[in-house]
Amino acid sequence: MLTPVLVSIILFISMGEAAASENSNIMERLKQLEETQNNLNHVWTMMAAALVFFMQAGFLLLEAGTVRSKNSINVAQKNIADFVLSTVFFGMFGFMLMFGDSWNGLLGFDMNLFSFNKVDDWTFTFFVFQVVFCGTAATILSGSVAERMQFVGYLFATIFISAIIYPIFGHWAWGNLLYAENASYLADLGFIDFAGSTVVHSVGGWCALAACIVIGPRIGKFDSEGKPQRIIGHSPVLAAVGTIILWIGWLGFNGGSTTAGTPQFSHIIANTLISGAFGGLANIMIGYWIDDNFRPDRSMIGVLAGLVGITAGCDVLSTWSAVIVGFTSGSIALLATEIIEHKFKIDDAVAAFPVHGAAGAWGTIILAFLMDESQLATESRFDQVLVQCWGVLLCAIWTFTLAYLFFKILDKSMPNGLRVSEDHERMGLNEAEHGTSLGTGELLRGMQSLA
Amino acid sequence: MLTPVLVSIILFISMGEAAASENSNIMERLKQLEETQNNLNHVWTMMAAALVFFMQAGFLLLEAGTVRSKNSINVAQKNIADFVLSTVFFGMFGFMLMFGDSWNGLLGFDMNLFSFNKVDDWTFTFFVFQVVFCGTAATILSGSVAERMQFVGYLFATIFISAIIYPIFGHWAWGNLLYAENASYLADLGFIDFAGSTVVHSVGGWCALAACIVIGPRIGKFDSEGKPQRIIGHSPVLAAVGTIILWIGWLGFNGGSTTAGTPQFSHIIANTLISGAFGGLANIMIGYWIDDNFRPDRSMIGVLAGLVGITAGCDVLSTWSAVIVGFTSGSIALLATEIIEHKFKIDDAVAAFPVHGAAGAWGTIILAFLMDESQLATESRFDQVLVQCWGVLLCAIWTFTLAYLFFKILDKSMPNGLRVSEDHERMGLNEAEHGTSLGTGELLRGMQSLA
Amino acid sequence: MLTPVLVSIILFISMGEAAASENSNIMERLKQLEETQNNLNHVWTMMAAALVFFMQAGFLLLEAGTVRSKNSINVAQKNIADFVLSTVFFGMFGFMLMFGDSWNGLLGFDMNLFSFNKVDDWTFTFFVFQVVFCGTAATILSGSVAERMQFVGYLFATIFISAIIYPIFGHWAWGNLLYAENASYLADLGFIDFAGSTVVHSVGGWCALAACIVIGPRIGKFDSEGKPQRIIGHSPVLAAVGTIILWIGWLGFNGGSTTAGTPQFSHIIANTLISGAFGGLANIMIGYWIDDNFRPDRSMIGVLAGLVGITAGCDVLSTWSAVIVGFTSGSIALLATEIIEHKFKIDDAVAAFPVHGAAGAWGTIILAFLMDESQLATESRFDQVLVQCWGVLLCAIWTFTLAYLFFKILDKSMPNGLRVSEDHERMGLNEAEHGTSLGTGELLRGMQSLA
């Protein structure tokens, strides 16, 4: 009686063991394989970071091309220096404030300043992606105050933005991106700003506006009657390349913000492309309607505003909504350019506030109206609208106030103030601050001595 | 008697259940893992799209550097505007015509214009990749008609190319790329054009040729005896950077055309690199042999023609074949440049037809002679040669005829014709159409007033 | 008695068969899935190669912007030509010497010149990555000898570097990268140079130094008393963009050197970013301390030297070590620039030796002091220091000697020597060698005739 039972039990056990060993082999291989998706997330995020980094080259070309020849080297150097400093100071302080363990959702902290040798791979990849984001927020200022702000003052401003202003506001909106369990004030309210229309671009835009107000317009920007004069940059060609490069970089900016190698980025990037195109289309058409002319700055403002506008909602919006966001953001940036110049007599040399500040605010708010009901992060669409408005307003209050105070204090405490001397401004900052001039500067001098 | 049977059956069932549950767990994980390869395809295709997009910056620099200073802003603006418009119009119409459900292999259709919120992730990724391809085809025109075509006319041409000419021919060759079950006239015949020597580059090249013929040469291009004069662009430095950027972008253009993250792209990209290099080598050598001089346009034409030439066959050709394709494509483009200028008195300002049209046709045909027998898409090599020739010829007929008629009609129907006034042409389009000039333009004016 | 046993055996067998078939199905799917990680390695390496290729555009802009207008086209053409030639000659000879079957760890060989149709996918991907590396090593020379070396002579130098100097030294350090079983002289000693501070950058730097010595300084670089004069490049704006682009490309240079799509690159890329930033910071600070001025070349030298310095140790160093490497490498390059100019009266037009040679040597040696004990490739830290020093010294001996002899022989054997005539040097190589000038050149001529 027992024999067959024993036989079957023995067979059973031996088979179970074989199966178990085979299964544990399979499980081991499965585990290794599951690493591959993780690896892919790293690859995607890092390649997207390279694209966002590329935006630094775009900003440099856009801004250097938009200023006069005599200040072009200065602007280019500011673009290098701000990336250097924002990497250093965001690395040492900002990253911790923005993504560290949260203190009541208000700011992050932990004592691991730069001690990345103790942290995991993902933190490194995430760090690289966030450094280049901070670089974007910090560099927006450089163009708007071009041709008149002292280089040293600009360096201090970059440090302040990348170590304090940007990361603290960033913590409110994105503080839970690295440590998911973190509280994060705005995010917890349901604020949606997927890739930073407000967090990155409006922050940059408000800083730029504050600086422009404190430092005042360039000599000759407004005539004796206060009428704004057009100051033509020395190379709209470089500015145009810069615009295309920014557009390319934006694919990484928005698409990479998934920080995952999954097709979530597919519709995001399609939206980004389309919104930029419709922003450009809007401004080419409006511009031609205004004065039968295709002024080069307009198409660029249009494309960039379209890109800024879609950044907040690129994930939650449909393709048609991207069309609407692009078209309206472009138009609004063009309108804002006119308003701040003609009505408020503010001289923003590269339209940084209209493009990054105004279109950023617009894009952050309008998404609440256009997004699908099912994706709301709040209880109702009305709540979503309120939260989006509150985020935009909070950004304005926090950033503008702090930046304004900072520039005022800096202006008072620097020996000669924040602004270069009138002589230096007329001479151009290339020579005044960098002892260097473009080849064309040499020509100009030759011509003057000839005359 | 029954007990042992019962025991073994019970054991068996319980074990089976355990195994089944474990297996279903494994199957679930396997399914998730199989997503990863799919995700990788998205990542690769999207990154390749970013590289192709980068070619827009390359074209802008190449063309702006190759024209005179007074038209450089105009060319740059055309490059921004054509990408804006081709995104809008290829997005709204062309994409559907090219990749929608096929009507007899002749054109695609479906009613989901831009309603991408209803489609799947792959369609979005594929769309982004195809939009930047269309942008390439559309932008080829901009350089060849530089310095004399009205901006408005150029905008209409871009719309026509990206909404009609390119996508319909594209459907014949690639109509089954998105919906594999689609009929696609040329593809079904066995026509091989892997990444678009004909579909993209020759289409652009034939449009450029038609436009050059309709609009005529620039003032001063041919002297009173019809001898072509060399018009030197204002910045061969920018043109050189543009060439390098195009080369880089081409890695994505050809490698990304696999639309899959698999090592199929390895030999494709190696071929691309090598063919570009041998194209450049050919023209550096030939150029030096002609006049002991290293004219900058030659090396650039060589590299670009080598890249255009390998585009059709990069997948099916061996490394040595890539050497041959590169060397011959470079030479042919140089020869074609001489022929259209000296023999046909056609003024193609950036050699767009020789590089994209002639080398594209050559590369499409020669692959049939060089490819391995085993990879033929037709019954015999002879058939393959015939099909390749037919595809090239059909492209010439379709594109040139349509473009020629379009430009003729446009020329008649625009108030002042397709061409700017003689005054504007002499003044330069920077000022005439964009109310802006380069810094050097300012200098020039100063010098003239001085004289 | 037998029935139950039979029943259980039959059950067992049938179940085993089902399980076996299910298992073989699982195994098959697992195998396919394991391809995905391999595919991801290809994707990462290829995308990194595109970034490294991008450095060619960066070098072109940096160098063209750093020379005078009259030589800018020449420098740009050298940058195109050297990539063309290094692709051709590294492809045909160098790749084999560097990575082929090793002959005693001294040089590689096999007869498969360019017969890549017989090799596997990985070899193609690896080839593309290595070609762009060789391009970097080869192009470093172009800037340092700018404004005075004959174009033809430069072409020969490129061929010699990419076919002989670079790949043979490369074999000693990296000869086992493709065939892991290869002997590789320095690697077998425990020499660490992860991404090529020595293998790529110092090789380029030593070639540049040898060439500068043989060819002598530019007319006007040293005054009659031997005091070095500052020769200002015509566009520090383009040079600045070039620097940013090089920085971006370096993410691929260092990160891609893992040739694997795994998070090993995460800390590598973070280190790269940080070291570049601290290099820039060092030189901005030191420069301002020297003369209260922000000379544009300093920030660029700083960033680039920081990047060169971290290249060898990016994998084995911690974040804080990257800070140290960056800061010191920047400083050392600045110091070396002064020394070779003031003490040795060597005219290196773009500071190629200080940046690539000096900072490269420094970075390769210092890593042995900073790296974690556990990662030593030798028995003790002392041994590691010795091996690193020996590698650096061997590179200097091999490269400098060979390059010096080569340039001497070339100088004697070329009809008019390696250097252009004094007339040509004064006229500028744009016109002398390329029959072309920048738009500003036209202006200058106009002004001269006016005067």
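Each chain gets a letter, A, B and C, in the order it is written, and its residues are counted from 1.
Here is the rule we use: a contact is a pair of C-beta atoms (placed from the backbone, for glycine too) under 8 Å apart; a residue touches a chain by one contact, two chains touch by 3 or more.
Keep in mind the model is a prediction, meaning the values are calculated, not measured.
Both chain A and chain B derive from one sequence, and where they touch, under half of the residue numbers involved are common to the two copies.
Bringing chain B onto chain C by least-squares fit of CA atoms involves turning it by 120°, to the nearest 5. Note: centroid distance chain A to chain B, computed from Cα atoms, is 30 Å. In chain B, the residues that touch at least two other chains are 4-5, 8, 12, 15, 19, 26, 30, 33, 36, 40, 43, 47, 438, 440, 443, 447, 450.
Partner chain A is touched in their complex by these residues of chain B: 3-5, 7-8, 11-12, 15, 19, 22, 26, 29-30, 33, 35-36, 38-40, 42-43, 46-47, 49-50, 53-54, 56-57, 60-61, 64, 72-73, 76-77, 79-81, 83-85, 87-88, 91, 114-117, 121-122, 124-125, 127-128, 131, 151, 155, 238, 430, 433-440, 442-443, 446-447, 450.
Those residues of chain C that touch chain A in the complex are listed here as 1, 4-5, 8-9, 12, 15-16, 19, 23, 26-27, 30, 33-34, 36-37, 40, 43-44, 47, 51, 68-69, 232, 234-237, 240-241, 243-245, 247-248, 251-252, 255, 261-267, 269-270, 273-274, 276-278, 280-281, 284, 288, 293-296, 299-300, 303, 318-320, 323, 438, 440, 443-444, 447, 450-451.
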